Amino acid sequence: MPIILNNLWIIPLLPLLGAAINGIFGKQWSQTRVNVVGISSVSLTFLGVIELTREFLALHSQVAWVRSYAPWMIAGPFRADFNFQIDQLTLVMLGVVSGVGLLIHIYSTGYMAHEGGYYRFFSYLNLFMFFMLTLVMAGNLVLMFVGWEGVGLCSYLLIGFYFLRKSASDAGKKAFIVTRIGDVGFTIGTLLVFWTFKSVDFTEIFKQASGMPVESPTYIGGTLTVICLLLFAGAIGKSAQLPLYVWLPDAMEGPTPVSALIHAATMVTAGVYMVARMHVLYSHAPLAMLVVAIVGAATLFYSATIGLVQTDIKKVLAYSTVSQLGYMFLGCGVGAYAAGVFHLMTHAFFKGLLFLAAGSVIHAMGGEQDMRNMGGLRKKIPITFWTMFAATLAIAGVPLFSGFFSKEAILDAAKDGPYANIYLWTLGILGALLTSFYMFRLLFLTFFGEQRYDEHKVHVHESPKNMTIPLILLAILAVSGGWFAAPTMLGGPNHFENFLRPVFEAGAPAASAALAENAGAGETGGNALVKSLLAPGVIVALIGFLTAWWFYIRRPDLPKKLAASMHGLYTLLLNKYYVDEIYLAVIVRPLLWVSTNVLWHTVDEKVIDGAVNGVASSARGIGGEVRQIQSGNPRSYATWVVIGAVGVTVLVLGVWGMVR
Amino acid sequence: MNEIPISYFLVLSAILFGLGVLAFVFKRNIITVFMAIELMLNAVNLAFVAFDRARGGPHDGWVFVFFVIVVAAAEAAVGLAIAITVVHNRQSLNIERVNLLKF
Amino acid sequence: MEKDSFIRKLREWDAAAVVEVLDFRGETTIVVARENLQRVAEFLVNDPGTRFAFLSDITAVDKFPIEPRFELNYHLLSLERRARLRLKVRLAGDDPVAPSMVPVWPAANWHEREAFDLMGIRFEGHPDLRRILMPDDWEGYPLRKDYPVEGYR
Amino acid sequence: MEFVAQHPILVVSLIKIVVLLFLLMTALAYVTWFERKVVARIQSRIGPLYVGAHGLLQPLADGVKFLFKEDVTPPAADRFVYVLAPFLALSLGLATIALIPFGPATIMVLGVPTQMGIANVSLGLLFVFAITSMGVYGVALAGWSSNSKYPLMGGLRSSAQMVSYEVSLTLSVVGVVLLAGTLNFNDLIAYQSGHWRYVRFLPHWNVIPQFVGFLCYFISAIAETNRVPFDLPEAETELVAGFHTEYSSFKFAMFFMAEYANMITVSCLATILFFGGWLSPFPERWTWQLYIPGVGLILGGILLAYDTAMNQRGIARIQLAVVTIGALVIGAACLLPSVMPVVQGPFWFLLKLLGFLFFYVWTRGTLPRFRYDQLMDFGWKFLLPVSLANLVITAFVVMVLNR
Amino acid sequence: MTLPIILFFVFAAIAVIGALMMIFFREPIHSALALILVMVALAVLYLLLGAEFIAAVQIIVYAGAVMVLFVFVIMLLNAGEEERTNISKLAHYVGWPLGIFLTVELVYWMLRAPIGARATTATIAPGDPTRDLSMLLFRSYLFPFEITSILILIALIGALVLAKRDS
Amino acid sequence: MPISVETPTGAAETMVLNMGPQHPSTHGVLRVVLELNGEIVVSAKPHIGYLHTGIEKSCESKTYSQAITLTDRLDYLAPLSNNLCYCLAVERILNIEVPKRAQYIRVLLTELTRIASHLVWVGTHAIDLGAMTVFLYGFREREEIMRILEMVSGQRMMTSYFRIGGLALEPPPGWLERVARFLDSFPAHVAEYEDLLTQNRIWLARTKGIGYLSPEDAIALGVSGPTLRGSGVDYDVRKYFPYSSYEEFDFDVPVQKDGDCYARYLCRVAEIKESAKIVRQAIAKIPAEGPIRTVAPGIIPPSREEMKTSIEGLIYHFKIYTEGFSPPRGEVYQAIESPRGELGFFVASDGSANPYRVKVRAPSFVNLQALPELVVGRLIADVVACIGTTDIVLGEVDR
Amino acid sequence: MNGNVLDAYGPLLLMFLAAMGISGAILTVSVLFGRRKPNPFKDSPYECGIRPTGDARQPFSVQYYLVALIFILFDIEAIFLYPWALVYHDLRLFGFVEMLLYIIILLAGYIYLWKKGALDWNR
């Protein structure tokens, strides 16, 4: 009997319980007890997900499994339920979220062991898990939005975890506000969805949408196009794409496990997940897909360039995350949803690992984050080194490592797929080159070369077991996570794509036909192997590696010279293209100016105060009454309330009466 | 034969609400002002029940009354706690002597 | 005898403290001067050889018309020594004032109030010297021998 | 009268009300007698003895005494509220009984078949709680209006106490509602008819699955009615007489009547909710049980007659003879085939009720009194969690068994 | 005149008179008693509208709990007669005329309410209304219902913090 | 009557409450002025004197024998203890010895009185805390003791049975059997009280930890009797300064360490049992025949027979009952262990036929001083428990 | 239950009237029969024989307010439980979970109260 399938609510409930228990009681509890609650809730979730997967696969279902638990919002025709949906896509996401989440929880027990507010941290983490699972399992857009906003909230809480540090709380606020801008689009998009389909349930939406004609790739006014673009605005905010990426690097103020879990592995991929989930709509709006692809490609290249020169180890990883997210969007944008999701998964493994390893490094260095003050750590912290090395190979796209398969799939789709676009492909290849370079740069700066820190001040030590074990596990995943697709190299099927096929075939007739055709057209045998090993992606990765080796191992003096000779570009990159400054100048300042000068000095002082003063001076008798407004006397306020009520009722009822 | 027009109830509700408003303005004792608010809420409840009866269908109106009652109780609890604090600080129950709301 | 040992100890400590020693039916009474009362009391309480920590009673006696008119009897008990001892202080009729023993024996509080109430002896340093048995507005001190039992005429 | 014709039930209930109130007032009087007698027995005393045989006329004498006592109203009191308080207490106490069904059988009154009980309301339980929840005012206002320190303290204390235990009282009953799924008293009793499937000699009463709930209920009920060991408001050794210190004459008696009326109400409620109301504990097939009321009454009459003959002299003899004859006649009447089924319900109901009243008196005879903080602690920190837990466990079990 | 209508008028009158008494009594405790009267009268009116459950809840929560709190606070603060101050000229001159105006206006519109033409027959609603209400409450309005618990929680904490601060 | 009410000591939140003199649980006309913060006692001031009858003054105008009847009125729950103490004091001044038979009878009767007094205490204390039944049970047994006293002396309460030099009358035949019968049924009854109280949860909650008095404080405040022994101080006059042949009896002095109301309760209950033990020994000891009065011509009245048969007897009888006797000058302080603690009589003689000064060291008076110590900071309900546990008798406090 | 409100609740109303009638009658009768000889001592409030001074209605401990406050909130909870219990057989697991959530949230408040000492009488 499928236990979990029939009781889907168990999965999000467990971390919620964990969060509640830790939140309420954790303060008095020892760390061990907090650990037990936090970890056990997540591990139970993970086990639940495994069982769920088993049960779902046992069904051999080609359609999504939807369970509705309660009516939630019903307003006129509008109806949103608490319903959860399970299909292959959800399963992948659930696996990633709960699996990586579990590892990061374990890791955190070591990393956060000496921090204040330990229970708070775990309570937030569990809460985050709850919202993320809700997001992933949501059966309708509104519930998804709940998860969407919930993870945003947790992100805000966790970035600002060290809330006494101004930069941390500022970063939290920034993350919250910037993503909110995107969410406006998401909200309007949801409304439009409801407007169009009279429902917010995915099943219903997709059923209707798949019957609609594919919209013009040039006309921006098509309903689906508008919907998709608006929803994508939300994704841009959440997944830190151009131009709303600015919050993610700042989010590195949060504790490293948070960066790993939320800002690398799970939350930021919510946008990708959303686009993949709504692929039926996107497939009917080629223009929107193009926008997605362009934004993705632009972001991946753009942020990779910034990543080249960053010196803060976490900042490099942050920009790298933005860049990789760009890959995922690129994949989605060129119709290779499965590839995008595949990359999402592998990225979760190796980027999570990178962050955790970076955290381990920071831990070892006693809080130092600047790579210029590291070096030669290879021998001191071997486990961290080896795991990080594996992750670097993965992200750089070295063959047989997970990143290779997923990135290659995306690039393939960009080159040969139904929505192929050679310019975007070029950007992708360039991005891969840069990725390989900055990742090896990071590796070399950190682990190779001479020590650039003071041995007496910094006691370098390997992290405790509860930190290294997740590292090792993730490293295994980062290496092997892509082997689902390994047979493609031999011309065989891509198991991952096959797994997801029911989802992506379901409602996208036009696209899926092309996909199927494409999938069938694989070349066979050694030819494919040679071709994939000599793919441009592999070559650029190699070039990137060699360059990095040249710059940072062979000739460590070169980077400085290069920076000096290309000073303008260097500073531009170092200052991240001055985007924050531009935003400040273009948006924030004008707003401040308007509110200060127009609203305050003009409207408030001149108009309102002037009017009040004028009345007061012109009619003393009434003036006394007017001053009463500010008397602080509650009775007067009560009277004002009544006056207002009379006004409103007279207006409303009077007008209504006349209309009748 | 046994019919009472719904409008009777509605008018009664309006009158009670009006009296609540009057009491709200008229009373000076902070506790009785809260009572006036309760009276208004009660009047609204009556209207809800009356409308519910007129609709005849599922009793959404009752549910609202239910929630109004909960809110009223919470309001009374917090409001009176505020009243206690104010009185402890100001030594007066007269809201006219309490001008904390000034700015 | 042990009672003698108390007197001996007292004498050793301050020969002038003991004005007179009385013995009647096996009860020892030590007469002390008013000025020495507090010191003697403290000695009797604190000296390990005596330890009269328990104040049983304070009795005021009016010897009217003999002068010194008032006698205060402090009945002491030593739980360690299983012994009783009576301290006697004589007070003149025109100056019935004694030092309060409340600091030494808190139990003296009500006893002294009673002596004040009924005998009119004042205690210096008493924390709360009010009438205790008689009403606050009572006139005279009923246990005095010259108190008109049938009322003031 | 037009609407009398439209609502014949009102006339019928008016008659029932008159009868019930008469019985109730008598019962109130004799519950005091009962209590005094039983407590006296517990304390190896005799109790009321001189007014009437076995002191049977004592309540009457007490009533007359109260009637002729001087009715002192303290000038400092808030006169209106001062009078209102006992009025409220007594009328609420009396009115609650209207919701209690005493028997299943429909009897004919003026040719209209009607139930033994005044109002049969679908939400009977809630309305009982509604009325008892107003009972706090009697106490609080009495304490406040007297304008005296002891009553004020007593009033505050007892209203806080009643209010505290009201929570556990309401919570402890939810378990029963969970089982039965109704708030109507008749349905609640109907739910308890029959016997358990496996333990066939045990009647299907709620007290068995809801034993914890019953304990919570009964403890709260004792506290709610301000009885020993929760009689803090009237803790005479501390607060003299609590909230009714300043009351005299019949106003004082009214508080007592209200207290006894509340005792009867909560005992009735316990009977209905946990002990199957008017149901007999025996299986239906045992037809001999139909004779129990009649035979019991006749046996009682015979005992009384024996006692009269052996022990009583003078006027007491005549009084007791009247009572004896009454008992014999009613007992015989109960054996008539037409009457027999009608008396079954009330008989068992009253028997259970009497059991509860006895329990009340018993605790009064045995237990010391709680201290106020202990009382509040007990209510809030013990009873409330326990009744909540009982509720949750019941809900869980019901859910599991329902599958 | 049928019995329900008579009952309606009797209890409506009680409610209105109670409300007026609440306004005109100067002792807060008397005002509170008047308000309790209004609430009980309203409960009877709910019964006339067939809303048994609401009537019970009205008495249990409003009359039996909220007003108890009021009475307690009055006792606690020893609220005596109301002070007759007229510091707020606005309330004095504008407040109550407007209040009366509002009343009249509302009455006017309520009389014209289209729904008002229907009538109740003072019967209990068909089916089992309490069960319907419960199902509605725990199915359709589940979310608000759960939110009430949070509301209560917040009120609890807020009131506790406020009330305990001085002690 | 003083009518003043103390003003509160400052904080606006406090309320001054008079407990007594007309209050059910102050055991008479004690008045305690309580300052309360909510229900918590901030300060407590006992006010006494409502029952002041001037017994000490009255004694000065009576002869030595006449004064005995006044002593009955002091601790009216244990009049025989007062009699005994006064008689012992006068006998000390006179320097006479009482015959053994009389001494044993005195012991037996005072111990019975102790039992009666403690029974009343248990009952009233229990009723203070709401347990009504114990009160009535206690009075049931006390009634039997009262009947025994009546049988012996002709009086239930104000017996005045002990006289200077011995006893008033020869006890009637068969009285010892009655005492023995009483003793046989007694342990079962004590077990009844203990059933109702000792392990009762509510009783424990009401008394354990309530009204704590440390041994140091107890000694400093001069507290005596079970109240002192409940604080762990092993002081009993019967053991420390034996009188009336107590040294010949075998009994234990119950001591409890906790110093709270419950400890005092346990002490008193144990004392009841110990007293019963003493009474049983006394029954065995009392000779069937023998004098009940010392022979001391001119001081002790001669027996009825002698008065009727000899002229000296008649003269002494006449003299003693008209003008009394004149003991030598001197003053004595005689203490005994009354049910409430150390009862002391200070008797001063100036050589005349009237006592010059009689001062009663009343244990209740002294114990009551400790009340504020016990109740401050506790709840108002604990005041009741504490007043009850100090076991005061206002007749003795106010004299 | 289908039926006329009056048939169900009319008797209850009547009972109320009757009970109030009896109470009123008792009050009147006791006024009629009782003698009245007031004197200042009889009229003065009881304070154990001491003449009371000042207003007895003094400000009281805020604890009583807290009790009433907690009571309200739990009363509402209890009231919500009744309709729930009524339809529990139809709600099943769903009903159990939702009420469990509800109770847990309130329990959190309860624990808060407990920890804050609002339930302790002698703080």
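Going in written order, the chains are labelled A, B, C, D, E, F and G, and every chain counts its residues from 1.
Note that contacts are C-beta pairs under 8 Å (C-beta built on N, C-alpha and C of every residue); 3 or more make two chains touch, one makes a residue touch a chain.
All values reported here derive from a predicted model rather than from experimental measurement.
Asks: Please state, in steps, how far subunit E lies from subunit C along the shortest route of touching chains.
Replies: Minimum step count, subunit C to subunit E: 3.
Asks: Specify the chain with the shortest distance from its C-alpha centroid to the centroid of every protein C-alpha atom present.
Replies: Measuring from the global C-alpha mean, the nearest chain centre belongs to G.
Asks: Between B-G and D-F, which chain pair is linked by more C-beta pairs in contact?
Replies: If we tally the C-beta pairs in contact for B-G and D-F, the bigger total goes to D-F.
Asks: Please work out the Cα centroid separation of subunit B and subunit E, and write it as a whole number of Å.
Replies: 6
Asks: Taking each chain's centre as the mean position of its Cα atoms, how many Å separate subunit E from subunit G?
Replies: Distance between chain centres, rounded to whole Å: 17 Å.
Asks: Whole-Å distance, subunit A centre to subunit E centre, using C-alpha means?
Replies: 50
Asks: Mind checking the centre-to-centre distance between subunit D and subunit G? Centres are C-alpha means, answer in whole Å.
Replies: 18
Asks: Using the touch rule from the top of the page, what residues of subunit E touch 2 or more other chains?
Replies: Touching at least two other chains: 2-4, 48, 50, 52-53, 57, 60-61, 64-66, 68-69, 72-73, 75-77, 87-88, 91, 95, 98-99, 102, 106, 109, 122-124, 128, 130, 133, 137, 139, 142, 148, 152, 155-156, 159-160, 163, 166.
Asks: Give the residues of subunit G touching no fewer than two other chains, as numbers and ranges.
Replies: Only 1, 4, 6, 8-9, 47-48, 52, 55, 57-62, 64-65, 68-73, 75-76, 79, 86-87, 95, 98, 108, 121-122 qualify.
Asks: Mind pulling the subunit D residues that touch 2 or more other chains?
Replies: As it turns out, subunit D has residues touching two or more other chains at 6-7, 121-122, 126-127, 133, 144, 149-150, 152, 156, 160, 163, 166, 183, 240, 372-373.
Asks: With touch defined as at the start, can you tell me which subunit A residues reach subunit B in the complex?
Replies: Within the complex, subunit A touches subunit B at residues 630-635, 637-639, 641-642, 645.
Asks: Show me the residue ranges of subunit B that touch subunit G in the complex, using the header's touch definition.
Replies: Contacts found on subunit B: 2, 69-70, 73-74, 76-77, 80-81, 84.
Asks: Under the touch definition given earlier, write down the residues of subunit G that touch subunit B in their complex.
Replies: 4, 62, 65, 69, 72-73, 75-76
Asks: So in the complex, the part of subunit A that touches subunit E is made up of which residues?
Replies: Subunit A residues touching subunit E: 70-74, 624-625, 628, 631, 633, 635-636, 638-640, 642-643, 645-646, 649-650, 653, 657.
Asks: Subunit C touches which residues of subunit F in the complex?
Replies: These residues of subunit F touch subunit C: 1-2, 4, 48-49, 52, 54, 56-57, 61, 92-93, 95, 219-223, 233, 235, 240-241, 330-333, 335, 342, 344, 346, 348, 356-357, 359, 361, 365-366, 368-369, 398-399.
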